[in-house]
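In C-alpha cells below, several structures.
The following pair of complexes shares a single chain, subunit A, combined with subunit B in the former and subunit C in the latter.
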Partner chain A sequence: MTALLFLLIPTVSSVLLLLFHRNRVMAQWVNLVFNFLWAAGLFKLWMEFRVQPETSVFPIWFSWDWAPFIGSRFSLAIDGLNFPLLALNVVLSLSLAFYAIGHEKLSASYLALFSFLNAASVGSLMAADAAAFYLFWELMLIPMYFLIGKWGSKNRIYASLKFFGFTMAGSLLLLGAIVYVGLNSPSLGWHDLKEQRWVFDGWFSPQALLFLGFLAAFAVKIPVWPLHTWLPDAHTEAPTGASVILAGILLKLGVYGIARWCFVLFPEASLASSTFMMGLGVVGVILGSLSAMAQKDIKRTIAYSSVAHLGFMVIGLFALREESIQGALFQNLAHGLSTGALFLIFGMIYDRTHTRELKDYGGLATKNGVLATLFLFSAMASIGLPGLPGFVGEFLVLSGSFVTNPWLTILAMSGILLGAVYMLSAMKKILYGEVSPTLEAHPVVLKWSEWMAIAPMVVLMLILGLMPQGFLKLSESAVLGMLSVFK
Partner chain B sequence: METLELNLNGAQLRALLPIFFLCAMVLVSLVSSGYRIRGSLQRSLGLFSFVVFVILNFINLPYPDTAILGTSLFVGMLTKVSSIVVGVLAAAACVFVDEEDHPEWLPLLSIAVIGLSLLVGARDWVSFFIYLETFSMPSYVLASLRLKKDGGFESGLKYLMMGAFSSAIFLLGITLVYGFSGSFDFLSILETIRSANPESPVGLLYAGFSLIVVSIGFKVALAPFHMWAPDVYQSAPAAMASFLASAVKFAVFVAAFAAFSQTGILQIPFLQASMSAFGILSILVGNLMALRQSNLRRMIAYASVASAGNAALVFAVGPVGLNSVLVYLAIYGLNIVALFALFEWAARENGLPSSSQADLGCLSRAIRGKPLAMTALGIVLFSLVGLPPLPGFFGKFLIIRDLLRADLFIEAGALLLGSLLSLAYYLKIFVPIALETGAIDGKKAALAGPSSTGSLAGFYFATLLLMVAGFSLAGYFNLVGDTSLFLR
Partner chain C sequence: MESTDVAIETTQLLRWIILFPLLGAILNGIILRLKSTKLAGIVATAASLAAFVASFMAVTRWGFSLEGASLVYDQWFMWFQSGKVSVPFWLEYTPISGIMLLVVTGIGSLIHIYSISYMEKEVGGYRFFTYLNLFLVAMLTLVLGSNLVTVFLGWEGVGLCSYLLIGYWFTKTENAQAGMKAFITNRIGDLGFLISIFLFLAYAGTLQIQELNHLGPQFFSALPSWVLPAALLGLFWAATGKSAQFPLYVWLPDAMAGPTPVSALIHAATMVTSGIFVIVRVWPLFASQPEVLNVVFWVGIFTAWLAALIALTQNDIKKVLAYSTVSQLGFMFTALGAGAPEAALFHVLTHAFFKALLFLGSGSVIHGMHHEQDMRKMGGLAHHMKFTHWTFVIGTAAIIGFPFTSGFFSKDLILAHALSRGMVPYALLLTAALMTAFYMLRAYSMTFMGKPRSDAADHAHESSPLMLIPLGVLSIGSLFMGWIQTPHFMGGGHLMETAVKSSWGGAEAMKPFAEHKISVGGEILMILAVVALILGVAYYSFKVYREFQSKKFISPAERAVGPTTAAPFINASQNKFFVDEAYDLIFVRPLRFLSGAFFRIVDETGINGLLHGMRKSLDFSSGILSWAHTGNVQTYAWYLAAGAAILLIFVGRVLL
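Up next is the complex of A and B:
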C-alpha cells in the first residue's frame, strides 16, 4: 500500500494544484507542501524497504487486477535497482518546488503538469508489469511535451515535436515487443516474463527482435548515439525545471529500463549485443564531448555533456559485470544530481539575464562568488573529480568494462579528458575575465528559496562522493540477482 | 428450398423485441415528422428510441441464443453486443443532429439501425444482402439530406453510385458462390468447400468470394475503394456523417467478419492475403493523405480509411480476431462521433453554417480558453493515437496481439507505422490549441451561427461514453469470453 500511496501523492497533487489556477503564489506553496508530503512518503517507503529480505527478487508491494483481458495486472515493486532513483526523483522535485517559489512564470498548471510527470516517472520505475510500465512510460510524454512546448523558450514547438516524435517512435516498437512477449506468457508481469525464454539464434530470431524492440525505446530515451539529436533541442528549449527532471530522471529511466527489462528478459541477445552497444557508448562519449566543446550556448553544452555521460553508463551496462553495472547505476545518481544542479544554476542566472550565451556570463566569480563556487563544485562533480560522485561512477564503469573489452574502455577514457577540456574551458569563460555587460546590468542575487533549491543537491553530492559504499550496498543484491540470468 | 417457419415462438419474439420496438418507433417518428413537429422534439424522440433499443438489448443479453426464420437469422451474443454498440453510436449522433428542415432523418436513421443490427445476425448470403440494403438505402438519403448545400449533391450522388455499384458486385458474387455450392447458407457453403473434389468448380467460388470481399471493401471504404469517403464525410450533415463513419463501419466490419469466418472465406489464403494487402494499403493511403488535409472532416475521413485498414488486417488472422475487430471499431466509433460533434460546434462558433468547410484554425479559435473542451479533445485525440490508458490503446493492443499471435509481423509493423504517422496529423490539430501557437488568421465571427449547444453536448456525451466504454472493457471480456463462444 505504501508504494501505491507514494504514487498517489503526486497524482492527487497534480489534480489539486489545478484548483489554484487563479492564485499562482498559493499554488507554489501548496506544491511545496505536497513535495514535503512526498518526501515523507519516501521515508515511510525507506523504513519498509530496509526490512525487506535481501533474497526477494523485485518483490511486489501492490497489485491490482486491472486488465485481465490483456493478461496484465497493475503491480508495483521496489528493490535496490529502483529505490535510489525514486529517492533521486523526490530530491530533485523538492528542489524544484523551492525553486518555483516566487517565480512568476511557473503557474498552477505548470506545477500540476510537473506533479503528473513525477507520478508517471515513479510509476514506470516501480511498475512490475509490462503493460503498466508502458502506461507510465507513455504518460511521461504528455506532461513533458507540454512543459517544453508551453513554457519553453523561442524554438520550443520544434523541440517539443521532435521530442514527442522520437520518443513515440521508440515507444511503438516497445509496444509491439510487449504485446509479443505476452503471447505465450501466463501474464505480462515481470516475474512471469522472466521465466520465459525466447529462441536466440542470429539477429532475426524472436529474442533478438524483441530485445531490439525494448532497446529502441530505451536507447531513444537515454539517448544512445545516433538517436540523441532530440536531446540538445529539448534541453535547450525546456524550462529549467523540465531540464532538471529530463536530465535527472527521464534519461535515467532508459538506463534503468535496460537493466530491468532488456537484460533480464533477453539475456542472450544482451550478451550478443554487448560489444556493439559498448561501441555506441564510446562513440557517444567522444562525439558528445567534442560537440559539447563546440557549443556557445551553456544549456547545449550541458546537454551534450549528458550525451557523453550517458554514453559511459551504456558502456557500464553492456560490459555486463557487477562493478560496471553498479558504476552505471551510481553514475545515474551522480549525473542526476550534478547535471540537475548545473541546469538549476544556469536556470537561475537565465531568469535574470535572459541569455544562455557563454560569452555573456563572463566574470560571474566577481559578481556572485558563492554561486560561482557552487557552479565550480557541480562542474567538478560532473567531470569526475575524486571525492565527488562522478568519480566513483566513472571509475567503477571503467574498471569493470576494462575486463570485458579493454580497447573500447581505453577509447572511452579519452572521454574523461575531453570532458575536462570542455568543462574547464566553459568554467574559464564563465567564472573569470572581465565582468560582462549583461551581468553588470542584471546582478544575480539569489533568494532564500533558490538557495534552498540548490543546497540539498550539493550536500547530497558530497555525501555520495565521500560515502559511496552505502549506496552501492543498496543495489548490490539486485544487481547480482540480475546478473544471475547470464549464467 | 424448405418453407420458412414464420410464426414466432416466445423466445424468438423476445430476441426480436428490440427490432420490433424500433420498427414501431419508425412509424411514430414518421407520424411526428409528418405533423412537422420540429427540432428538439424529433431529437428527443430519437434519443429515447435508441436508448430504449440499447436497454432492451441489454435485457436480452443473458437469454440463450435464438435462431429465427429457419437458420437465416441468428440472435446470439454477437448480435446483441453489436446492436448495443450500434444503438449507442446512433444515440450519440442523435444528440447533435440538427435537421430542422428534414424531420425525416429520424425514421431513416432508425431503419438504418435496424438493418445494421440484423446484418450481424445474418446467416445466409441472401439475408445478408437484404439487411445490407436495409441500411444502405436510408444512408444514401441521410448522406445527401442537404442536397443544395456544401456540395451535398455531388457527394450524395457519389455515395449512391458507389453503393449501388458495390451492391451489384455483391449480388454477382453471391450468385457465383451459389453456382458452386447450390446454397446461400453460410454453413452449407462451408460444408461444400470441405467436401470439394478436384472436379468442383472452385473457380466460381474464388471469383464469387473475391467479389464479395471487394464489395465489402466499398462499403467500409478500404483503399483502393475509398474514393467516396472523403466527399461524403465532408459534405453530409455532421451527425449523419458521424453515423456513417462509426456505426456503419463498425457493423459492416463485424458482420463481414462473422460471415467470412463462418462461410470459409477466412480459410482461403489468397483472400486473407488480399484483405491484409487492402489493410496495409489503406493504412498508408489513409494516413499519408490525412497528413495533407487542412479541412478537418476530410482529414478525419482519410484517418478513418486508415483505421478501416487496421481492422482489415485482423481478417488475415482468421476467426479468432473477431473480438479485437469489435472492440477496436466500437471504441473508434465513439472517438469519431465525438470529433464530428466537436467540429460542428467549432464551425457554428465561427459563424459557419456547418462544419463542411471547417479547418484547423476554425477549431483553434473556437476552443481556446475552454479548458474542459480542450481536455476532452485531448482525451479523444490521444485515444485515437492509442496512448494508454485511454480506450483506444486497448483496441490497438488487441489487434497487435492477434497479429503477432498469427506471426503477421509485416501487418503489425504497418499498424505501428500507421500509428506513428497518425500522431503527426492528430498533433497538427492539437498543437495550436494546446500550446496556443500560430497566428489566428481571421477573427471569430461576432455573430455566431445557428445554435451550437447541441453539438457541444454531443461532443461531451460521446467523450463520456468513450470513457465508460474504456472502463467496461473488463466486464465485456468477462461476458463474452473468447471468440469461439461468440461465433457459434
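Up next is the complex of A and C:
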C-alpha cells in the first residue's frame, strides 16, 4: 500500500493544486506542503524497503487486476534499481518546491502539471507491468509538453513539438513491441515476461525486433546519439524547473528502462548489441562534448554536457559488467544532482537577467561569492572531480568498460578532458573577470527559499561523493540479479 | 594483504593529519567567514600547525625506517566497492610519507604564518586561507593514500586548489585564464593516471600500492609484456603534468599569477613534487622497467635544460623562479630515470626548503616594492631589506650548490648518477646546473645589487617580522638539511636511503638503487670540478649583472657574440621558445575549429536538417489529413489513447 500511497500523493496534489488557481502564493505553499508529505512518504517507503529481503526479485508492493482482458495487472514494485531514483525524484521536486515560493510566473496550473509529472515518473519507475509502464511513460509526455510549450522561452513551440515528435516516435515502437510481447506471453507482468525466452537468431528474429522496439523509446529519452537533437532545444527553452526534472529524472528513465526491461527481457539481443551501443555511447561523449564547447548559450552548453554524460552511462550499461552498470546507475544520481543544480542555479540567475547568452555574463564571483562558489561546485561535480559523485560514477563505468573494450574506453576518456574544457571555459566567463553590465544592472540576490532549494542538492552531492558505498550497496543485489540473466 | 609475512599495524592517528586542516577549511570557509583576514589566517595557521603536530607524532612513532616488513594503516572507511573494483579509504604511513608529511605541514605552516602578514590588506581573505587549508587536505590525502584512487583523489584535489589559488584575484581575466590552463593541462596528464589505474585493475586486480609492490615484476612478467610499461608510462605522463615536465610544463610559469605564498607552497615546495613522490611509491615496479626509466631520464634532462635556458632571460623575478622550479624538477626526474629514487626524493626535500625560501624572499621583495615584479625596476634592495637580502643569499647559495649547503649534497648526488650513465647526459645536466648558477646570480644581482632603478625600489621597505621569521627558519633548513644524506666517503647520514628502502612494505625491488659507479677519488674530483665551475659562472654573472642599468646594459650573450648574432637567441628564450604559441596552433585552435564544425555539420545540418526535411515532405503528402493537425496536444493525446486502444483490441481479436 505504501507504494500506492507514494504514487497517490503527487496525483492528489496535482488535482488539489488546481483549486488554488486564483491564489498563486497559496498554491506555492500548498505545493511545498505536499512535497514534504511526499518526502514523508518516501521515508515510510524506505523503512519498509530496508527490511525487504535482498534475495527477492523486484518484489511487488501493490497489485490490482485492472485489465484481465489483456493480461495486465496494475502492479508496483520496488527494488534497489528504482528506489534511488524515487528518492532523487523527491529531492529534486522538494528543491523545486522551495524554488517556486514567491516566483511570479509559477502559477497553480504550473505546479499542478509538475505534480502530475512527478506521479507519472515515479509510476513508470515502479511499474512492474508492461502496460502500466507504458501508460505512465506516455503520461509523462503531456505535462512536459505543456510545461515547455506554455512556460518556456522564445522558441518554446518548436522545442516542445520536437520533444513530442521524437518521444512519440520512440513510444510507438515501444507500444508495438509491448503488444506483441503481451500476445505471446501469459501476462504483461514483468516477472512473467522475464521467464519468456524470445528466439534470437539474427537481427530480424523476434527477440531482436522486440529489443529494438523497447530500446527505441529508451534511446530517445536518454538520449543516445544521434537521437539527441531534441534535448538541447527542450532543455534550453524549458522553464528552470522543467529543465531540472528533464535532466534529473526523465533522461534517467531511459537508462533505468534499459536496465529494467531491455536487459532482463532480451538478454541475447542486449549482449549482441553491446559493442555497437558502447560505440554510440562513445560518439555521444565525444560529439556531445565538442558541441558543448561550441555553444554560446549557457543552457545549451549544460544540455550538451548532458548528452556527453549520458553517453558515459550508455557505455556503462552496455559494458555489461557489475561495476560498470553500478557506475551507470550511480551516475544517474550524480548527474541528476549536479546538472540539476547547474540548471537550478542558472535558472535563478536567469530570473533576474533574462539572458542566456554567455557573452552577457562576467564577474558573478564579485557580486555573489557564495552563489558563484556553489555554481563552481556543481560544475566540478559535473566534470567528475574526485570527492564529488560524478567521479565515482565515471570511474566505475570506465573501469568496467575498460575490461570489456579498452579501446572504446580510452576514446571515451577524452570526454573527461573535454568536459573540463567546456565547463571551465563557461565558468571563467560567468564567474570571473570584470562584472558585466548585465549583472551590474540586475543584481543576483537570492531569497531564503532559493538558498533552501540549492542546499539539499549540494549536501547530497557531498554525501554521495565521499560516502557512495551505501548507495552502491542499495542496488548491488538488484544489479547482480539482473546480470544473472546473461549467464 | 596476500603475503603472510607482513605485519600490519593499525592506527587512527593518520586521519587526524587530514582532519585538522579540513576542520580549518570548514571553520574559515563556511562557519566563521571572518571579516578580518588576520584572524582567518590565525585560524588556518592553527589548523596547519595541528596537522604538523600530528605528523610529528606519526614520525616519532614510526620513524624513517620501518622494522622488517611491517605496514602501518589507518583503515578509515570503505569509499566505494563494486564488482572487481574495491577502493577503501585507507591511509598508510611509510617512511617517505613521513618525510613528505613533515615537509608539507612544516613548510606549509611557515607559509601560513607568512601569509597572515602578506595577505593582511586583502578584503575577504578568509577565502584565501580556506583554499590554503583545503590544499593541505588534498596534499596530505595524496601523501597518505594507500591506493592509487585515494592518491588520485588528492592528486586532482591539489589541482583544484591550485586552480582556485592561481585565479585567486579573479577580477583579472588573465589570472582566471592561468588557473584554467593549469587545470586543463593537468587533466591531460590525469588521463594517463586513469589509464594506469584501469590497467592495474584489469590485470592485477588491485589498486593497493603495497599489494602492487608485493606482486612485483615477477607477477607482471606473466602478463602481456606491454601491460606494465604502459601502466607505468601512464603514471609518468600524469607526473609530467603535475610536476611540470616537458611537454606539459607550460602551465607552471603561468601559475605565477597566484599570490606569492601560493607559488612557494604549491608551485615549488609541495604539489609539483608529487609526481616524483608517486613514482617512488611504486618504485619496485619502475625499477624493473629500464626502458621506462630511460624515458623518464631523458625527459628529465631535457626539461632541466630547456627550462634553465628560458630562465636565463626572464625579467620577472617570479618567472625566473618558476622556470628554475621546472628545471630543478627535471633534475629530480633525471635521478629517478638513473635509478636513484633516494637522490630524487632528497632533492625534493632540499628543494622544498630553498625554493620556498626563494619564493617567500621574492614575495617579501614584491611586497616591499608594492607589487612590482620586474627586476629591471629593482636594484639596490640589499640596503633597504637587509634580512630578506641575506636569506635570499642563502637560498641562492643552496640552489646553485654552494659547498655544504643543502642543494650541494642533493645536486651532486644526482650529477654523480648522471655521470655513471655516460658523458652526454652528464654534460647536459652539468650545463643545466651552470645555467642555474648564472640565472640565479643574475636574479640576485638585478634585485639586490647596484643602484635602485625606480622610485619603488628607492623607497622599498623591509617586511614585517611575521614574514621574516619563516624566511629565517627556511634559511636554516636550506643551509643544513643536506647533512642527512652525505656522500659515502664522508661518512655522515644516509637517512634518505634508509627511508626509501623501507617504504615498500618489505617488497623486493629488483634493483632498489643504481649504485653510481664513481670511485671515491673520482667523486671528490668531480665535486671539486663542479663546484669550481659553478662558482666561476656564478661570479661572472654576479659581476656582469651587478652593473645592470636598463638603458645601456649589454647582456653576456651580446658581449660574447655581438648584439646582432645574440638577438635571435635572446628573443627566442625571452619568448619561451614559442612553445605556448605552438601548442595554441597545434592543439587549441584545431580543437576549437573541430567543435564548431562538428556541431554545425553533424547536429545542425545533418540530423536536424534531415528531420526538417522529413517533416516538410510529410506535411506535403498529408495535406489531405491536415484537418487532423489541430496543433493541440490534447487532441494528439486522444489520438494516441484511441489508437493504442484500437490497436490492442484489434490485434487481440485477430490473434487470440
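Convention: the second predicted complex is superposed on the first by the 487 of 487 C-alpha atoms of A that agree within 3 Å, B and C clash if a C-alpha of one lies under 4 Å from a C-alpha of the other, contacts with A are read in each partner's own complex, and residues count from 1 in each chain.
In the analysis below, a residue touches a chain if its C-beta (ideal position, glycine included) is under 8 Å from a C-beta of that chain, and two chains touch if they have at least 3 such contacts.
Computed from a predicted structure; not experimentally measured.
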Most subunit A residues touched (candidates subunit B, subunit C): C
Contacts of A:L342 with subunit B and subunit C, given as first, second, both or neither: neither
First (subunit B), second (subunit C), both or neither touched by A:P68: first
Which superposed partner A:L173 touches (first subunit B, second subunit C, both, neither): first
Partner chain in contact with A:L183 - subunit B first, subunit C second, else both or neither: both
Contacts of A:F146 with subunit B and subunit C, given as first, second, both or neither: both
Which of subunit B and subunit C A:M277 touches, first, second, both or neither: neither
Touching partner for A:A308 - first (subunit B), second (subunit C), both, neither: neither
Partner chain(s) touched by A:L94 [first = subunit B, second = subunit C, both, neither]: neither
Subunit B versus subunit C as contact partner of A:E138, first or second or both or neither: both
Footprint overlap on subunit A, where subunit B in one structure and subunit C in the other make contact: 69-70, 138, 142, 146, 149, 164-165, 168, 175, 179, 183
Subunit B-facing residues of subunit A, complex: 66-70, 131, 134-135, 138-139, 141-142, 146, 149-150, 156-157, 160-161, 164-165, 168-169, 172-173, 175-176, 179-180, 182-183
Touching residues (chain side subunit C, partner subunit A) in the complex: 77-85, 124, 127, 149, 152-153, 155-157, 160, 167, 170-173, 175-177, 180, 183-184, 187-188, 190-191, 194-195, 197-199, 201-202, 591-592, 594-596, 598-600, 602-603, 606-608, 611, 615, 633, 636-637, 640, 644, 647-648, 651-652, 655-656
Of all residues in subunit B, those that touch subunit A in their complex: 382, 387-389, 394, 397-398, 400-401, 404-405, 412-413, 416-417, 419-420, 423-424, 427, 431, 434-437, 473-474, 476-477
Touch list for subunit A against partner subunit C, complex: 69-70, 138, 142, 145-146, 149, 162, 164-165, 168, 175, 179, 183, 226, 229, 232, 287, 290-291, 293-295, 321-323, 326-327, 363, 365-366, 369, 380, 385-387, 392, 395-396, 398-400, 402-403, 406, 409-410, 413-414, 416-417, 420-421, 424-425, 428, 431-434, 466-469, 472, 476
